[in-house]
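These notes concern the structure reproduced below.
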Amino acid sequence: MDVVPKWVDMLLVPLISLLIAFALSGLVIVAIGEDPVAALKLMVTGALGSTYGWGYTLYYATNFIFTGLAVAVAFHARLFNIGGEGQATLGGLGVALIALYIPWPHWALALPAAMIAAALFGAAWAWLPGVLQAYRGSHIVITTIMFNFIAGGLLNYLLVNHMRPPGSMDPSTARFPEATHLPTLHDVLGVFGIEFSRAAPANISFLIAILACVFVWALIWRTRFGYELRAYGHSEPAAVYAGISPKRIVVWAMLISGALAGMMAINNVMGEAERLVLNAVEGAGFIGIAVALMGRNHPLGVLLAAILFGFLYQGGAELALWTAIPRELIVVIQALVILLTGALDNMVRMPIERFYIARRLRRT
Amino acid sequence: MDFLTIIQILDSTLRLATPLLLACLAGLFSERAGVIDIGLEGKMLIAAFTSAAIAAMTGSVWIGLLAGIGASILLSLVHGLASITFRGNQLISGVAINFLASGLTVLVAQTWFKQGGRTPSLMGGARFEQIRLPFANEIIDIPIFGPIYAELLSGHSILVYVGLLCVPLTWYVLFRTRFGLRLRAVGENPAAVDTAGVSVAGIRYAAVIIAGVLCGIAGAYLATGLQAGFVKDMTAGRGYMALAALIFAKWRPWYALYATLLFGLLQALALRYQNIDLGVITIPVQFMDSLPYILTVVILAGFVGRAIPPRAGGQPYVKER
Amino acid sequence: MTGSEIQGRPETAAPAIELRGISKAFGPVQANKDISIKVAPGTIHGIIGENGAGKSTLMSILYGFYKADRGEILIGGKPTTIPDSQAAIAAGIGMVFQHFKLVENFTVLENIVLGAEDGARLTPSLAKARKALTALAEEYELNVDPDALIEEIGVGAQQRVEILKALYRRADILILDEPTGVLTPPEADHLFRILRNLREEGKTVILITHKLREIMDVTDTVSVMRRGEMTATVKTAETSPAELAELMVGRKVLLRVEKAPAEPGRTILDVRDLTVTDGDGVIRLKGVSFDVRAGEILGIAGVAGNGQSELLEVLGGMREGTGEVRLNDAPLPLSGRGADARTRRQAGIGHVPEDRHREGLILDYAAWENVAFGYQDDPAYTSGLFMDNKAIRADTEAKMKRFDVRPPNPDLAAKNFSGGNQQKVVLAREIERSPELLLIGQPTRGVDIGAIEFIHEQIVALRDQGKAILLVSVELEEILALSDRIVVMFDGRIMGERAAAATDERELGLLMAGMESAPADKPAWQAAEEHLDKNGGSA
Amino acid sequence: AEPALIYDLGGKYDKSFNESAFNGAQRWADETGEDFLEIELSSEAQREQALRRFAEAGANPIITTGFAMSSPIEGVAPDYPDTTFVTIDGYVDAPNVLTIGFSEHEGSYLVGMLAAMASESDTVGFIGGMDVPLIRKFACGYAQGVKAVKPEATVISNMTGTDPSAWNDPVKGSELTKAQISQGADVIFAAAGGTGVGVLQTAADEDILSIGVDSNQNHLHPGKVLTSMLKRVDVAVYDILKAGEAEGGIQTMALEDDGVGYAVDDNNRDLITEDMTSAVEEAKQQIIDGGVEVHDYTSDDSCPALTF
């Protein structure tokens, strides 16, 4: 019998964890001699106080939705994909190749092609760790970490030696041609007569990210593959018993996970930078872990958590711009959120469980 | 490549392998006790910062070293709390600790020193000096052996020698002491240790704290031995590389030495040569940089001898569901 | 509840162990409820009860492995707190757990020394233990190679290591939790001899089992547990198996299965030379051949770990093997394409796995999701790429009703059903499809007696429909009661085949130890043990 | 409008290039009592956001350091025609972008002469940051200066890396220094941003001379730093801020405008003899007069005095 009701597990526990993480973050701000209330105000106005702020918040959130979904899908098969970073990096490579080397007449044609390329490249980078896990039992956590570093080396090599335009000193590709530039939320909402900052990078990828949430939900909870994936995640011997091939599930779960992580590139590479730079992923692969943990691996949860982290990111950038608080504060907050919602989960859950058990005993 | 160059490269191999070795042994203690530690990186980083900061403020590198070890132990305890006491996910805890360290170090450094997340450069007694081994000057002219002794073995910071000494020490502790027996048992089957009347949590905390001490030394070496001060993210993935070395070493102390020396050599080569021209092909430096990771994947794939981790690794010890 | 004391000892002697009002809950499960018991010194005290009655929990509390929520422990009349196993060891208690607590890749010696070292340095401790071990081995007929790795010795030897561990720590009170579950009957006999020897030396033994025969054989006193409660403590000499069974279950028990003689038809399953090698390269099945015919139940007897699990798994498509297997004369692929559970189901093989928690069910899935488990491809359950949840739910409701699953709620997660009801869900899923061949492993493990009767009836009913049934059980009684023919497995081989009506436990017991017949020159236990040590036995 | 400053990845306190920019702005702020906005980038992907945010907030001019800002400015500048963007070391062709370049080869030439004169082993070293034409321009000027004094001297040249991490890798700087010392170098010029800190440190530890870059780094190891090749980013920044506004265009700061030079102060006065000073001053005049022409690597991607 479940000790605690579902809503406690899904909502209350993460919320309390989150509050503790924020309280600790507040202490950190006090400790470095700044005013946490002022900092919070600045973050809120900077991230949510204008369409410009929202534009950035949603831009970051889009990245995190993709990487968060990637982690969540793998988690359902009990695979811990730490490789979002590398997979998104490779996704960027795919997008860049598509955007640079094919003359597109219109973004509406370039976008699907870029999505496919991003997904394929990301999936490809997740494929080998998946295969090694499935067929050789290599621990996926370690292999995906290794693949992150290898992806960094590969991209570095390509940008420095092959993809940087002649005469440029900066190891980044040329700008993508005009025709591949994606409509921003300014353009999209403009159609409906809604004013939205033209400067902010949030773009049509956000809508694709929402569709990805729906896709993942249906995949996990409605399809036969999702049924098998979750079964495998709960118990591998049971999956074998039911005629579900663990190898197939592991490889496909990683492929889908990698594809989702790779798709992030349509947002940051194609939608924002419009060229491929080094370290374009900026840790979003890791934030995906926090987002999936907080969102309890449910697409709706991932969406909300991604927006929360988008807010943190944009708010943090504002702090760095207007105060002496370094941007690294956000890294600290992010660490505390991962620690409390992910690893110290039981610190919050145990007392609640004890409360429920005591209450049940009193009733009987 | 002439002899002197080889000596030089091996010399820097030793320097660069030291933090990897210490961190690798840290991971070895932790994982042999069944606690997986992705947070080696973070612990090294926070130790690097704390040791440099305290050394800069007190002028004493030894106080700095102690402070660095202390900071690293603190993060170890967080990891212990999450993975031992509260039976959380050890991987996630490790990831969080790495983030925490990378954020906190810069945040505090910026607050204390206002130098863009670094500490002031360390001078004089705030740094570990190079130690000249006895007779190094006298025998340097003896062919072959002279340079090997005087150039390669002599002239390192004391922590390099500490790191090397830790290898036999670790071996002894693990395989020849009561504590080692219990520690290895806890990593294989904690229930056996528990029912034998020994506290699983106690042993695991001890292991995690030892890991903290070793990471502390590794970090302090980076900031006060190898370099003269802390810079942002100065561990640069060494913790992950140590983790890779640990797999490479199949969780054994002497193999850990060989693995970290190999990775140190790769780093030394990559530092010196941008691209290695082999006539037929040119090996790009990025490949050299990635080689430790690629090798680890190959090992993990089981093509070069299988690496079997401690059986209880990564699982919290739960008696009552 | 009365304490007990045995013949020849003064009643005034303080009980070796007294428990007062022990209660223990695991989350919502109340495993022990207000339990009190006295164990007289120098006796063998049995504790009997159904699976899940709380026996292991109670003993683990005594050994400091779990902490009781309430209650008192008295050792030799003195109130003692036992917060951890160290305290238990200090109080002279040793325990051999149902699931051994050994470090697999340590040597025997290291396992014995672990936690009982003499000083910080290991070498002297090991040397000392080696000496002590030789003495103990001689004294109690407990032979093991001190330098062998645990993973390389058989379960019987492992159990001896566990006993040695306790004796090395100078235990006066020895608890054994279901020690015979992993032993062949001759080995069990030897164990009981050792226990009697220990009693002669004045040691106190607590023996947990759910086998009535063993209780009657060796104990002086017996306590009965039911659903977390201690229902009675009686002198063994003054009770009978029937009475104990009633005390265990709470009502009169039918100890026999009613069934008509079998009418075997054509051969359904034909197995030739079936061999299975596991992931570590160990050969688990060594060229097994047999057949199962329509309308009969073939029982596979054997001590756990002698290849029965692998046999079920390879037939069920859960692992690969070599050899030849034909179902209704059509060959079944044993490796590569088609050697999976899905294909086996399509070929008409139903499979009730040995471990419903590990394999048969997804505990977090709702009942309806579990009813589709393994049949997720069934066109009736799917529409395109999607699952047809409505259809599955409707089918589940029907199946739950026919198998009297309680509560009949398809949306309840499997983990929230009792063991018996969980097993009924699995059976309903597999039997309702009328498979040509039903593989069924440990059908009643962890199931209460009421459900056992129901389950046995269903199995026999399926047989009477003319289906073939392959039954694996470590409960010899169950095998004898259900099977029409019995095959005994030892060390991956078939030791022999008997008609159920023409054999008995003694004969099967020898076969289970790998021996064709009783040796003339030495006692059966010794022959069995030596035989097992030499032949690796089971692991 | 407030001016804004965006520092490149090495950070504002790299003791070198970015710090020089900061110093110029600080001097202006101290003198005028006015304020400026600033941000240190911590990743490639932030460049564009920083530009836009400052532009949105009305900052003007927006001064950036490092060639890597070119491409982001190219993308952002057209959206804010009323804002002037300044790129130091970069190049952007847009009406509202001011490109500032320096004659690094000339300054490097002078410190190369000093290195050659100070060297006893006739072997000197160069450690560059990221391997890009700009840094080769330093190296090439330096080598020409060395050869001008001692045509037979050996110049060992290493680059730290091929990506921006090369600007901030003191360990690598230190290792390369040791390697060059083992090859006989006794004066080493570090043109490598934050990596140079490791070079200067190791040179001081091993008791040889080093040459700093961009800012005056003589004080880092008094008596051990021969001189510093000054690249007056501080002057450039100060001038822009002082003027209050900037126009788009291209501006080069050469030897004659004191845009580049070499540093002499109390920390290194004893290292530089009269002879050295007079020789270098003479060469400086000749360069300004056109009597000596220092080859600029970036003009044709080649160097007469050094092979890479």
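As written, the chain order gives the labels A, B, C and D, with residue 1 at the start of each chain.
Criterion: a residue touches a chain if its C-beta (ideal position, glycine included) is under 8 Å from a C-beta of that chain, and two chains touch if they have at least 3 such contacts.
Per UniProt, the chains are A, B = Sugar ABC transporter permease; C = Heme ABC transporter ATP-binding protein.
Please read these numbers as outputs of a predicted model, since none were measured by experiment.
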For this session: Mind listing the chains that sit against chain A and also against chain C?
Result: B
For this session: Count the C-beta pairs in contact for every pair of chains, then give the pair with the highest total.
Result: A-B
Exercise. Of all chains present, which has the mean Cα position farthest from that of chain C?
Worked result: D
For this session: Measure off the straight-line distance from the CA centroid of chain C to the CA centroid of chain D, and report it in whole Å.
Result: 77
For this session: For chain B and chain D, let me know how many angstrom lie between their CA-based centres, rounded off.
Result: 35
For this session: Report, in whole Å, the distance between the mean C-alpha point of chain A and the mean C-alpha point of chain D.
Result: 39
Exercise. Where the centres are mean C-alpha positions, what is the separation of chain B from chain C, in Å?
Worked result: 46
For this session: Quick one: which residues in chain C touch 2 or more of the other chains?
Result: 27
Seminar exercise, completed: Two or more other chains are touched by the chain B residues 117, 286
For this session: Give the residues of chain A that touch two or more other chains, as numbers and ranges in rising order.
Result: 156, 160-161, 328
Seminar exercise, completed: Each pair of chains that touches is included here, namely A-B, A-C, A-D, B-C, B-D
Problem set entry | Contacting residues of chain D [partner chain B, same complex] | 11-14, 40, 131, 158-159, 161-162, 168-172, 174-176, 178-179, 182, 194, 197-198, 201, 205, 220
Problem set entry | Of all residues in chain B, those that touch chain C in their complex | 175-182, 184-185, 188-189, 191-199, 311, 319-321
Seminar exercise, completed: Interface with chain A, chain C side, in the complex: residues 25, 27-29, 316-319, 340-345, 351, 353, 355, 358-365, 369, 372-374, 376-377, 382, 385-387, 413, 415-416
For this session: Using the touch rule from the top, collect the residues of chain B that touch chain A in their complex.
Result: 38, 78, 81-83, 86-93, 95-100, 102-104, 106-108, 110-111, 117, 237, 240, 243-244, 247, 284, 286-287, 289-290, 293-294, 296-297, 300-302, 309
Exercise. Any idea which chain A residues touch chain C in the complex?
Worked result: 1-3, 222-225, 227-228, 230-231, 234-235, 237-238, 240-245, 353, 357, 360-361
